Amino acid sequence: MNNKLAACLAGVKQTTPLVHIITNYVTINDCANILLAVGGSPAMCEAADEAFEFSQIANALYLNIGTLTKEQELAMYLAIRGAQIKGVPVVLDPVACGAIPHKVDVIRKLQQFGSFSVIKGNQGEIKALAGMEAQVRGVDSIDGGDNVVEACQKAARDFGCVVVATGQTDVVSDGVRTCQVENGTELLTRITGAGCMVGALIGGFCGANRDMYLASAAALATFSLAGELAQEAQGGKQPGTFRISLFDQISQVNQNILRDRSRVKWM
Amino acid sequence: MNNKLAACLAGVKQTTPLVHIITNYVTINDCANILLAVGGSPAMCEAADEAFEFSQIANALYLNIGTLTKEQELAMYLAIRGAQIKGVPVVLDPVACGAIPHKVDVIRKLQQFGSFSVIKGNQGEIKALAGMEAQVRGVDSIDGGDNVVEACQKAARDFGCVVVATGQTDVVSDGVRTCQVENGTELLTRITGAGCMVGALIGGFCGANRDMYLASAAALATFSLAGELAQEAQGGKQPGTFRISLFDQISQVNQNILRDRSRVKWM
Amino acid sequence: MNNKLAACLAGVKQTTPLVHIITNYVTINDCANILLAVGGSPAMCEAADEAFEFSQIANALYLNIGTLTKEQELAMYLAIRGAQIKGVPVVLDPVACGAIPHKVDVIRKLQQFGSFSVIKGNQGEIKALAGMEAQVRGVDSIDGGDNVVEACQKAARDFGCVVVATGQTDVVSDGVRTCQVENGTELLTRITGAGCMVGALIGGFCGANRDMYLASAAALATFSLAGELAQEAQGGKQPGTFRISLFDQISQVNQNILRDRSRVKWM
């Protein structure tokens, strides 16, 4: 199966998918640089005057509701509608949907304009979407991680799409198939934006590949592996240097490295 | 007294204060990463639909008026009201209030919705708030630094809160008690965002401690000391590398280091 | 002629030009840090309530239409009007004007409120503005680079200002004089924001010098040379480390280095 993950990465590098991104301003630069480093083409187009047209010429649309200004919210309704019309895959990052009720209203409203191909959140967010009890604190999950596989599978069936829950082990499910990505490092929790970067990458992988389930798993494995390599390269546990090394290392992850070092448990 | 500063830092690391941040987009990522590195939990919630509710569940609110979009301005009125209702401490960064008259209008209007626990600005900004002559240039203070202690004390009495003026030596006053933090390095003026990062950190320290005067002094000492350590670690005078090292070093500052190396002059 | 470029850099370091910047949120931090590192003073003032007044006290105005929120668009109309009234030079970065029709509408509307001193885009953008066929993909130019000199010269005459097209070789023309800046490294295409940073720097150089043509060439040479030095300092081809090194290196570029290592072909 690792060959399939490697093929997804090759798809990104060969097609340079154009990913239309509407995301929070905290990590918007990180999202652009990580997608560029892996071989994609990010375009942050969030003007309400432009979003409907732009998503129609993109290979994927990534929506992150972290710092949802009113214009971003409107642009998202327009962009997801454009994506729906042209069959462009849509990745949703439901940031803080467990802590802020308004986020859930926006997600429900987005579904009136289009549909999601992938929903990627942390464990608390995905459990909240699955209607299960979750422990959250602001934008962070402090959930123990029980029942995450079940939450992903339930949310995947409820929303009719691939669902990803990130955590010490990442879970991916399309409701039928489920896998766990075991790569990664605790250092990824010590910087802001790891989740956002994964979301942008899933956008890139979905823009370049047909199977959204495999594409999501490949994006997770690529990013988590880059985290491992960055930790190795750096030696220490320093969040600033680690964050920069992440961009260096992901640009070095090729098909061979991904095939050799991915640790995905197919369930 | 250095023991008290160290205790404030311990408070942050033990309680992981959730800091609701509405700040400029220039350094929003730096604010998140520096607060995370010191042990806090940043959450940039600036949607007008969410700010009133979110500040009520936060441990502190940090308002930075640097790039004040209209929605940010409205969100700030809502957020400070929510904070007032629940007794959540509020830290104001009055960016460019000496150069742009509209900033002063916003500050006066914010006071109609709630109150400030700490106001932290550069010397020019604090002197302007104290009604004293100040030399400013855009967002920078080019003030010589005379009468800064007096300006802090006067502003602290006028606004009824702790006032911090950053500069080569930082001054903190609550109108009765006053101190000067002498740690730091000139390199902090060579990067953008040092002031914003300090503001976010003061938010974190105030969210974890009762005495806002001590909490502010401890945040300043922690950050300035991290600057010294970053300069030592790096050797040279290179602003890019220095900026990244700052995140590394602040994550290493613990109670012992802060106790041993803080240079605070209690007046 | 390299002496003239060096004199432009000296102008920046001696006068610390205040540059009013309204730019996209993806690279807003990079723009601030690069301008600071070269000796300028960036101020991101984009509130519609403040932009008209602020551009009038600035030494230059830099407008980048990458992520054009509605409020940014309005602030740009106000800011360019203020600049026009006080004779402040205006640098336009027409991001994605070849891919998104709305961008062209905004540029035409900006011309009703003021005028541009310099327009700086990638090859695809400049060809689009010159009314020539161009290959673009989202925000990137994938144009082969034919006829770029002609495109710059035509656009310079059409818009009555200096026009810069960035690429493997950068072209600068004021319609009469034309030159090519041959410094640079391919690594600058591997990070996001190189174009934006150049735009902010051109703002700084134009704010400190009278001849916008020479100032633009000097800004390009300074930035591209910093790219070469960052590549040399780093050895490898790692985008994360390279990006940080860029800030280090540009702070080291002085008049002597610029005079010795600029490779500008005056046509």
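Points worth noting:
By letter and in written order, the chains are A, B and C; residue numbering begins at 1 in each of them.
What we mean here is this: a residue touches a chain if its C-beta (ideal position, glycine included) is under 8 Å from a C-beta of that chain, and two chains touch if they have at least 3 such contacts.
What you are looking at is a predicted structure, and each value in this text was computed from that prediction instead of being measured.
Two copies of one chain, chain A and chain B, touch each other, and the residues they use overlap weakly: the shared fraction of interface numbers falls below half. Chain copies chain A and chain C are related through a rotation whose angle, from the C-alpha fit, is 120° to the nearest 5. If you average the CA atoms of chain A and of chain B, the two centres end up 33 Å from each other.
Contacts with at least two other chains are made by residues 25, 29, 69, 71, 243-244 of chain B. Within the complex formed with chain A, the residues of chain B that make contact are 16, 18, 25, 28-29, 32-33, 36-37, 41-50, 53-54, 57-58, 69, 71, 243-248, 251-252. Touching chain C in their complex are the following residues of chain B: 24-27, 29-30, 66-71, 73, 96, 99-103, 137-140, 190-193, 236-241, 243-244.
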